[in-house]
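Structures follow.
Common to both upcoming complexes is subunit A, partnered first by subunit B, then by subunit C.
Right after this comes the complex of A and B.
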């Protein structure tokens, strides 16, 4: 499967009369976009705002972050597919042909809290160093749900609204010439094995959050907790095949943006054909029942064995309960004699001296960490709040009286979106 | 100027070798032996006001007595930091440095620092309890160890933020501290995997610790006579969360009286837990803390009694160390209240 990613650089977002992309600026007719989003009767209103890097702006509570993309296949891949297939585009295999990306910006959804696990994005100050979304120009959608809307329906409406908005914006770039093009080619097993016979066959096992009840991930619209461990072409994730529907702590939830820009996938592609042969991407779940954990990790190991892989990177999502899935996957794959590297994060307590993971095993001897999520920082007062600061004491990572008299807030970094990402999106680590 | 108290053994104290290893603890004013190198490194920032010298054999064979004597000396001096060694690869000296630092830290709440070779048995025994600077295996490494130890000592004495072990030079295993790497995590993972597949050396970012596993106790002999308590990490609290237990990374637990309570209802109880969808627990908290079922069993004589208090916290993102500290406290209360068995529920 061959996919060409055409990046269109966005350096400014202007709320204006007509929606269009022109000279690296995204113009958004907010009335038109609002009308589209209000088609969902669960949403009463939506406010649009733009947050730029370096501004004294805080966005909270953040639900999801999404990168606008669009398919521009022009018949060359015979597909009739769209971004986020099976969710807001019809079902159809993506990961082929051509995709245009609005690079340097993101759609961020916010609104009244759903659970406790929606986080903070600071556009400047120390908090900005912990989230990648302080570096993107963010079009923020602040939603008001109708009264009495149940939490699950609210979450679903917000999730879909963010995706719809992203596709609306992405489609504006169908006829824009990209600033750069990157080609990703993922060969069939047979071709791949023949092409690089002397390179180690490497696979990527991506664990997807599926604890259920606001902790879900969807693949082509399928709730991942109802799926057996399966395979996907890594090019498909660039087209939104995997989306976030979860409220795991802000720091280590994979937003839809993370999935669209999966760093393990891109870094394996970067070394593909040089140091390694990127042969397979396996996606598995993180269900709560022991039998599910055993079954899914059995299947993960079994697929690694059937594919004849020489080495595997395993990435996690969330913490605590999923630590057991991570260790099961690692143990069972290592037991086959296949080396693994796991990517996780830590909950070592505020002083860093507590046990970091809920489960460990000696076979997990190669670990990359996204850092200690319990570390405490003070986020300075921001001049502008998009959303509301009303929940910063109750979100995961907040605590009683954490808003200081000077307007600064003290939180564990787990409250910051993407701070300890377990796909290795960031440079932060711990020792 | 910061006041530092330095602990060394009889050899570095200039008293003598093995034949003097039984030397009793004594305290002198000023710096002795390796202390002079530290004095130079501290410059105007700190002074070694006193030095304690103790024989390694004496410490090893009379640990309690040595500890008490030395703690008294430390109490008298009240230093800003207690510095020990470095012990390099001397096993008994390493044990003494680790033991006395641990005691000073725990009992006097004074910051401590020691240094030793990573294979010193003292390092293995104390690496998870304090900052231990990694040194070479013999005194040849003194020149290398002193500046590292001095720098970290000043930070500890001033109560400044301590960087990651890789930045400060202490052994990993005590304190996990965040820092920014050159490469992002995914790229580090690819590098690590390539090295591991080739059998080349690589350094894991998180060495697997010894995992704390608890052996099960023998079963309750007669459950129909037993007083049962409910304890949960599922965050069930009286409506309104009166003690404001955190949604994640709890800093406290709650103790609530359920005398006369037969059912937890939407009007009376809820969950504070942020790690799962609270909807169903808020509608009926018995789903997490089964008071209703236990009351029925109590009435039917299937259990002796349901204890009139329950203990609760949120397990979500809560440090194991905090959980253990909560449990030590309320387990004593449970024992004191004559509870025979506990049902622990999680989410």
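Right after this comes the complex of A and C.
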């Protein structure tokens, strides 16, 4: 499957009369977009705001972050598909043809679903250094639901509203000439094995959070907890085949933006044909029941064996009991004689001296960490809050009486969106 | 709440006796147990599980689960929930098999790891009522599937 990504640089967002992309500026007719989003009767109103890098602005609680994209296939890929297939666009295989991307910006959705919902994006100050979304120009959508709306329904409405908004904006770029183009080609197993017979066959196992309300991920619209471990072309993720319904564990949840820009995938593509042969991407889930964990990790290892891989990278999502899924995947693949590298993060206590993971095994001997989520920092007071700070003391990473007299807040970095992301889409390093 | 929950637990046990008898006679499996400090979960699963509600902190629920594991029960769900817990949530719900003949060492390992996780975290106990209910709801939802489908 061959996909050309055309990046269209966005350097400003202006709320205006007409929605369009012009001279690297995204103009948004907020009334038109609002009308589209309010077609969902569960949403009473939506407030639009723009947050730019360097501003004294805090966005919280963040539900999702999404990058606007659109398909611009000209018929040569034989697809009639759209971004976010099975969710916003009709079901149809994506990951081929051409995709335009509004690069440098993001749609950020916020709205209180439950009282401990979390996720902070600071656009300046020390907190900005921990989140990649301090570097994007963010169109923030703050939603108000109808009274009495159940948490399930509100989560779904918010999730879909963010995707619809991103699709609406992405479509504005259909006829814009990209500033750069990147071609990704993922060969069939037979072609790939033949083309690079002397390079190690490397696969990527991506674990997707799937534990229930506020903890779900969808693939082509399918709730991943209902799926057996399966395979996907890595080019499909660039077109929104995987979307986030995960609203918790801000530091290590994968937003939809993370999925669209999965750095494990892009790095494997960058080294494909040089020092490795990127042969497969396997997606698996993280369920609550131990029997599910056994079944899914059995299937992960089975697929690795059937594909004849020489090495596997495994990325986790979330913390706590997904550590057990991670170690099961690692152990079972290593038991086949296939070496693994796992990407995780740590909950090593505020002093960093506690055991980092809730589960461990000697076979997990090659580990990349996104950092210690329990690290404590003080976020300075921001002049502008988009959303509400009402719940910062009950979010994961917050604690009682953590708002200081000067307006600063003391949190563990786990409260910050993407701070310890387990795909490696973060900025902390020991280098 | 404590008194209500005891009554609930008694009802659940009475119901579970009938169900256990029926299932055993049918040659399937004995009813699984829900050990929880979440009253919402205790109510929700009263008809499908042998509910053991204890109005205790999370660590005490975990230690009670460890005792049961050493008596031959097997963990069916992971005791550390994801994302919200253990940092914030004061609620823990664990589904455990009916008593078995031998100790399951995977379960021993998992429950010991869970206790280690909770030992290093600070649980917020005094939550506003609406937020406490949200934590209860999420704790329930993590278990929300057919609670009888797995053999032990």
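List of remarks:
Basically, the second predicted complex is superposed on the first by the 424 of 431 C-alpha atoms of A that agree within 3 Å, B and C clash if a C-alpha of one lies under 4 Å from a C-alpha of the other, contacts with A are read in each partner's own complex, and residues count from 1 in each chain.
The rule is simple: contacts are C-beta pairs under 8 Å (C-beta built on N, C-alpha and C of every residue); 3 or more make two chains touch, one makes a residue touch a chain.
For clarity, every value in this text was computed on a predicted model and none was experimentally measured.
Overlay on subunit A: subunit B and subunit C clash in the combined arrangement. Contacts of A:172 after superposition on the shared chain: neither subunit B nor subunit C is touched. Of the two partner chains, both subunit B and subunit C are touched by A:151.
Looking at the superposed arrangement, the partner reaching more residues of subunit A, out of subunit B and subunit C, is B.
In the superposition on chain A, contact of A:290 is made with subunit C only, not with subunit B. Once chain A of one complex is fitted onto chain A of the other, the partner contacts of A:268 are limited to subunit B, with no touch recorded for subunit C.
In the superposition on chain A, A:253 makes contact with subunit C only, while subunit B stays out of contact range. Once the two complexes are laid over each other on the shared chain, residue contacts for A:215 go to subunit B and to subunit C alike.
In the superposition on chain A, contact is made by A:324 with subunit C only, not with subunit B.
When both complexes are overlaid on chain A, the residue A:37 reaches neither subunit B nor subunit C. Touching of subunit A by both subunit B and subunit C, each in its own complex, is seen for residues 115-116, 151, 211-215, 249, 319-321, 347, 349, 354-355, 359-360, 394-400, 412, 414. Interface residues of subunit A, counted against subunit B in their complex, comprise 115-117, 129, 150-152, 200, 202, 211-215, 247, 249, 263-264, 266-268, 270-271, 275-276, 310-313, 315, 319-321, 339-341, 343-344, 346-357, 359-362, 364-375, 394-400, 412-414, 421-431.
Looking at the complex, you find that subunit C touches subunit A at residues 75-89, 95, 106, 110, 113-114, 116-117, 120-122, 124, 126-128, 130-131, 134-135, 137-138, 141-145, 150.
If you check the complex, the residues on subunit B that touch subunit A are 128, 164-167, 172, 174-190, 192-194, 196-197, 202, 204-206, 208-209, 211-212, 244, 246-249, 251, 273-280, 315-322. Put simply, subunit A touches subunit C in their complex at residues 114-116, 151, 209, 211-215, 246, 248-249, 253, 286, 288-291, 293, 318-322, 324, 347, 349, 354-355, 358-360, 391, 393-400, 412, 414.
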